[in-house]
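So, here's a batch of structures to check.
Note that subunit A is present in both complexes that follow, paired respectively with subunit B and with subunit C.
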Partner chain A sequence: MSLISTLARLEAVSTGRAQPAATVRHRHLSDRPLVFVPLTTAGEAGAPLGALVGTDRDAPRLLAVPQPRDRDLRFAFLAELADVVLPYIDAYAEVVEAAERTETDPETGKRVKVEVDLCADAPQLIVPSRGGIDLVRLLGRSMRFRRTAEQDPETPYPAPPRVPLLGRWLTHFGERARVPGSSLLLAMTDVLSRHWATGQSTLEDQHLGALLAWIDPPEGLTGAEAALRAELERDAKGQLTCPPAGPATDPAFDNKLLAPAIERYDRARTALAAAEDGLEADDRLGALTAAEREIRDLVLSRTLPTWEKVWQGLDLLRELPEGAHVEERWTRDRWSFTGHRDRVLAGEPPQPRRDDAVTAANKLATREREQARLEAQEALDDPLVMAGRRLSGEAFAGEVTDVVMAYSEGKRPSPRPLVTVRTDDRPHLGERTKVYRSLGGKPQSAEFVGVEEDGAYVVLRVLDKMGRGKEPEPGSVPEKGDRVCFTLFEHEQRGGAKLPDPEETPWTHGGPPGEATLEAADPVTSEDVL
Partner chain B sequence: MTTLFDPSAAATQATDAILHDTLHGTARGVVVDSPPGAGKSTLVVRAALELAEAGHPLMVVAQTNAQVDDLVLRLAEKNPELPVGRLHSSDADPYDKALDGLENVRKSAKAADLAGLAVVISTAAKWAHVKADEPWRYAIVDEAYQMRSDALLAVAGLFERALFVGDPGQLDPFAIVGSEQWAGLTYDPSASAVTTLLAHNPDLPQHRLPVSWRLPASAAPLVSDAFYPYTPFRSGTGHGDRRLSLAVPSDGSGPDRVIDEAAESGWGLLELPARHTPRTDPEAVRAVATVVRRLLDRAGAATSERSPDPTPLTADRIAVGTAHRDQAAAIRAALADLGVTDVVVDTANRLQGREYDVTVVLHPLSGRPDATAFHLETGRLCVLASRHRHACIVVCRAGVGDLLDDYPSTEPVQLGTGVKFPDGWEANHAVLAHLAEHRVMWRP
Partner chain C sequence: MPPPRTRGTALRHRLAELRGPDVPAKALDARALAALAANPGCARRAILDGAGVNKAALASALGSPSAFGQSQFALTRGNAFEAKVKADGGAELLRLVHEKLDRTAEPPTEARVPDLTATGPQGRTARTALELREAAAHPGAWTLLDHPMLALDVAGSPAFLEPDAVVVHPDGSWTVVEIKSFPLLDGSADPAKVGAAARQAAVYVLALEEVAARLGAEPEGCAGGEGASARRPEGSSTVAPSTPAEAPRTRSAQDRAPAPRVRHRILLVCPRDFSNLPAASAVDIRKQRAVTARQLTRLTRIEDIAETLPEGTCFSPELPADELTAAVESVPATYAPECLSACELAFHCRSRSRETGAVTSLGRPVRAELGGLTTVEDVLAAARGEAGDPDDPAVAALRRAAALRAEALEAACR
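So, the complex of A and B:
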């Protein structure tokens, strides 16, 4: 934890309210996000119990699985989920704008510009907490290899038509969420704790109710009191008044409310199956429907508070102005979305279970680059974030007190002015350390020459962005009295080296992975069909 | 009757076997594990010269520019006639200026300019940008345990066979983003190059250099037991071969007493009272700086097998090691206040591969309320405890033993990943137990 976030947390404890950790919003928020509040069943990985999903805060769609261990009911849930999510995605896939992309021409091997479609906007999925992101990934994994009856008439348990497609999309969202700074799939707790520092631990920040209690405590309560209430307060029946944001449910709810309700549902179903005539069946169908409605009400009662909290979080975040580089990062999300749309349209197989060596290395390289880029951009967009970097010696700000013109040696001397900056910061500068400042959105580099008077004055030699002439272009060199901020980290990331194609994987990494085969879904075990 | 261990003979035997496998073996790769200061660079230079003499075009992959420049200088020293290419980046000042004085070293940012030279040397990052129609017959990969698997993936297409040399006990390579997704895959891009190489080619010959020439007889057994429990090594020198003497007698203060203890036994622990502190613990930082100041003031002199006369212990023969960069910066500032400016102060990552007469180490767990995986990492402590030829002085708050007991390693177990021995917890305890015998308690 950085020094500034420790300070912010201490301040949150002493004031009883979360403190801002950012002055602008560092993540893109869609005008029409799809909020997804899922619940799972205890004891079985990724068995959905129900969900609230939708883009309209006042009209969420309730999905529930009255018997979570029944695979037909689970498929019905997934099919219903696909009916909500896929049209939402399709709406964004259809609207495109023209864009340019550099590609390698297969014949000449040269890099050429190609005109391509880029989706004008992209869908955005919002889940309450990090566990929600894991579940999205797990659902994607469990669906994308399934076969529909149309794809494979022999398949023993055919999936409803659009379920495998939903699996591929959820997998894409889950994978993209691993890229630092991406916003296709966000966990509300992550985004809120990026922008506010609370007086509790980062682990406790994973509880959406407690986190919001610190950020926006109810009248008359401190953040700590409100957070404690959110975590522990129970009603007369022993149920949490602020149910956990899921996907796991509270054991008291499971034992006291859910289990008996599911048992009643099971009994009603058995009774219906045993009905001997139409009249009896009608009665028992009524009982079954009532039992099902009871479970749906239970699911709604546990998801609706979380649903409202997610929207409350969105309201809080929307009050912050968007950071300057957020748009640029969202454009990369749009490219990612468009890329997957094109792969689906081209009939490519679902994402493989495991990445091959080259894909894994490429993904890691991309994410490391995005991480470095995100850290630099957040600091440039936000003085509060930059203050943290200054406090840790990675940047410094101050006033220019002197500029002395100097030139490089060589046949064509270029300007290398010496700039003295008075600063109260203590940057970790070593001999010839490179530093950067933003000049019209582009980084200008300088090198550290020395300090004067006990480190209060830093002397720098400006190295570039001064034009080609002997005299620097106007405005390209700081002037006496200017406020400047230099960073020790680079503002832009260089692209890494190109890795070999997967079919040219070298012997050190096991050689080429071979032809991509269509992977089958996991075999059905006895536990799948209880 | 036991046979007398002859370090030179053992080392020569190991080197000969390595060179034989490299030059005449049939395997595509040869892996050499080298403990700290076991003559890894000497081996790399010798292998490069022999391959070049046999007429095999050779590429050498190192991890940092400093390592590359160092290898070029060593090669030129051994054989000034050998045409060597130094492939460098297109940044400003891409290589050590000392290379400009070497007649047979050609430097270029383009691989094509260096075609046909006997040996071409560069960093893994630069090699990754090279496109070659014809792969090199041979390559040497230096510091292969510090190279990430994905970096090897980018360059492995450039050579047919390779000698991989490195120290498995030092810091593992790391990624700045999570990579759990690939844990357990044989080609996990965040694993070390050797891990991936051996997972796919388990039959490659593996060798080990058995003698550390750097570590004194007082340090080799501890470092070997604590960090290389299954691949032990010996020191090349005996107990009487190295001596550290101080011209100015002790003033009785804590720093002076710990210096005397370290001069005598090779180890010293300056223990400050237990306390939870920020990372840049002002008292510990001052204590480190004072020890360095006193080392210089007391006019130390080191006698070793290298020369019969003592060499003065000057600032360039002393280094300070820390876990974090802000700690290094704080110690640098404290040293400057005491008028010391030319002692190297750096983090474990940056001290890897370097060698000094005396090191002063701020213990990674000193003053901490918790023990994270970062601070427990075996390689970090191993690097800090194995840079010295004569003595190592550790500055630490009391209570690290209890801290270790409160925080056993709790890293999640990943299916398919090899368990690394020893774990940081155990290695830390082994080192602490040994240091306790050389403890000087001091309340500043």
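So, the complex of A and C:
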């Protein structure tokens, strides 16, 4: 954490309200995001208990599993979830625009431009907290290897038809969420704490209720008071008035409300199975429906407050203007979405349990590159982020005090003007260090020549973006009196060394992975939890 | 040399007084061990844990109840899984130990599973020590100790620990087994949870090493359970040597068996993927063991903390809130946000920390950045230029940060 954000936190403590940690919004927000508020059963690796899901703030779809240990009921939940999520994804997969992509021609080995489809927009999944992202990944993993009765008539517990497909999509969303700056799957707590500094620690910021309490406290309360209330206030029945954002539930809820309700449901179900005639069965079916209704109400009571908070967070974020580079990063998300859509359409098998060496190395390289890109772009978009980089000596800003025209040596002298910048910043400049500034959205580079008057004046030699002529193009060289900001980091990221194709994987890395095959489904046991 | 008996008894009395009349001592559980690792410098936590005070009850009595609790679903599932792993005389568990840790040994077709029941933690500790000695007398056999009890000296008072299982290999070495109910998915598990399990196991290994050292120091076969149990509660330090002069009433011919080896790779047993079938992985805990051992030695001795407390201090949850608050305030705490996930008293300490405006309540890294400035108002005053020495590098950096921040926010408003 930089000193600037520490200072913002301290100001939040002293003013009782969260302070801005960004002046623009650094993540893309869809016009129609799919909000997903899941709950799981404690102790069972991600066995779903229920969820609220939907794109309409006023009409969430409630899904509940009245007995989380029952495989059929879990499958019913997943099938219902697929009915909500897959049509939402399909709506985006269908609308495409033409785009160009460079590909290596397999015959000539040359880089050629190919015209391909790019989805015009991409779906966006929003979960309340980081735990939600982990659950999306886990649900994806549990579903994508399942077999439906159509795929394999022999399979002992066939999954409902669209469940494996949902698993593949959720896996893709979960994997994409690991790429810095991506917005296909976002956790509300992460996005909010990126944009506001609260008067509590980063650990406490993981609590969505407390985080929002700092950012937007109710009338008459300070952030600290409202956050404390969100964390701890319990009603007469001993239940938290602001239930945890999930996916884990509060133990007091499990023990006092949920467990008895599930027990009543089990009893009603046993009674129904034991019914001897139609009339009795009708009565008992009524009792079972009532018991199920009760569990659904309980799930709703724990998810609805979180649902409201996620939308409140979206409202707050939408008030911020979008950063200039956000659109570009969202286009990458669209490429990622389109790529997976194509893989699904081409009938490729689901993502393997473990990536092969080349895929894994590529993923890591992508994440590193995107991290660097994100850091550079956020700084360029947001003066507050740039302030942090200036403080750490990675950038400097100031006024141009002098411009001296100079030329490169050589047959055709090109302009190499010397620019003197007066700055209060203390950049870490070494001999001939390259620095960059943004000129009409493109980086212009300069090199460090020297300092004058104990670092107050920095002399730079501008190197490029001045046109082909002997005289620099107008506006391409800073003029006396201009405010300029140079960075020591590059604005655009170059890709690293190219990795071999998977078929060329050297034996040191396990050799070629071979044909992509459909991995075996997880062996099914009688006591599975998901 | 162990401290004189009177001193140990005096400490025990003192700790019982702190706990309050007729309040039973609470054993050091996994959460307390985690808190120990997270915040070794906290005197408040040390004395409360050392005295066996029920911190959850204390926190409720103070008006800042802890948010910890265990869901009965998690409990049921955890117990069901453990029972499944240990079913059938531990056959599956021993097979996993053999497969993951000791493939060269004879496969465990049959194993000794001694009964470890005894009254009270001291009795169970003695019983465990006895059975471990007994196992040493059966070389070549596998022995499974189901829920043994071990004692460990924590800051001068004995803490009783209950590992899920300890396995004695045919070569006489010991392995700690941890059974957890988080899943091992495609061969990997949540690193935070594995780390917590490893830290917990490291404490068990340390406790076992003490037992092993005693076994090695003693003549084989001497002294029964009473010997061990009588010594332990005194809070004597690590190795309690007995006189080798005692006549060996041996079963074997050897006078001194070498101390059994405690393996530094423990076995972590978790459910595989989404099923309830056990999967195991060997976890190297050398690092956690070294860290825990170091932290245990640098813990302020409980006696020293107890001596600084005013006479009549008591932490009984029966007392009125203001008396309790005063009692708790008489021991200094070092609160950091990490406490929230490890200590029942954290909400109380946090509100105190916030009241005093301590910057550590925003996280330890924040504190580290700010040099000698420890309160929120000090820092802000220094940043505004109202206080602080401008030559202090921390103050200079703060002012610079404040100026840059103001400039950026102003630029954004325009």
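Just so it is clear, the second predicted complex is superposed on the first by the 527 of 530 C-alpha atoms of A that agree within 3 Å, B and C clash if a C-alpha of one lies under 4 Å from a C-alpha of the other, contacts with A are read in each partner's own complex, and residues count from 1 in each chain.
As a working rule, a contact is a pair of C-beta atoms (placed from the backbone, for glycine too) under 8 Å apart; a residue touches a chain by one contact, two chains touch by 3 or more.
Predicted, not measured: the structure shown is a model, and the values here were computed from it.
In the superposed pair of complexes, A:Arg354 makes contact with subunit B and with subunit C alike. In the superposed model, A:Ala372 makes contact with subunit B only, not with subunit C. In the superposition on chain A, contact is made by A:Pro180 with subunit B only, not with subunit C.
By the touch criterion stated above, A:Asn255 is placed in contact with subunit C alone, subunit B being left untouched. Residue contacts after overlaying the shared chain place A:Trp507 against subunit B, while subunit C stays out of touching range.
Of the two partner chains, neither subunit B nor subunit C is touched by A:Glu452.
Contacts of A:Ser142 after superposition: subunit C is touched, whereas subunit B is not reached. Put simply, more of the residues of subunit A are touched by C, taking subunit B and subunit C as the two choices.
Contacts of A:Leu364 after superposition: subunit B is touched, whereas subunit C is not reached. In the superposed pair of complexes, A:Ile4 makes contact with subunit C only, with no contact to subunit B.
354 are the residues of subunit A that lie in the contact sets of both subunit B and subunit C, per the superposition on chain A.
Residues 1-4, 6-11, 13-14, 20, 23-24, 41-46, 138, 141-142, 199-204, 224, 228, 231-232, 249-252, 254-255, 258-259, 353-354, 382-384, 386-388, 390-391, 522-523, 525, 527-530 of subunit A are the ones that touch subunit C when the two sit in their complex. Considering their complex, residues 178, 180, 354-358, 360-361, 363-365, 367-368, 370-372, 392-393, 428, 432, 463, 496-497, 499-500, 504-511 of subunit A touch subunit B.
Within the complex formed with subunit A, the residues of subunit B that make contact are 28-29, 92-93, 125, 128-129, 149-150, 152-154, 156-157, 175-179, 181-182, 185-190, 193, 196-197, 200-201, 325-326, 329. Residues 64-65, 67-78, 181-183, 185-186, 271, 273-277, 337-338, 340-341, 347, 351, 354, 357, 359, 361-363, 365-366, 369-370, 376-377, 379-380, 383, 397-398, 400-402, 404-405, 407-409, 411-412 of subunit C are the ones that touch subunit A when the two sit in their complex.
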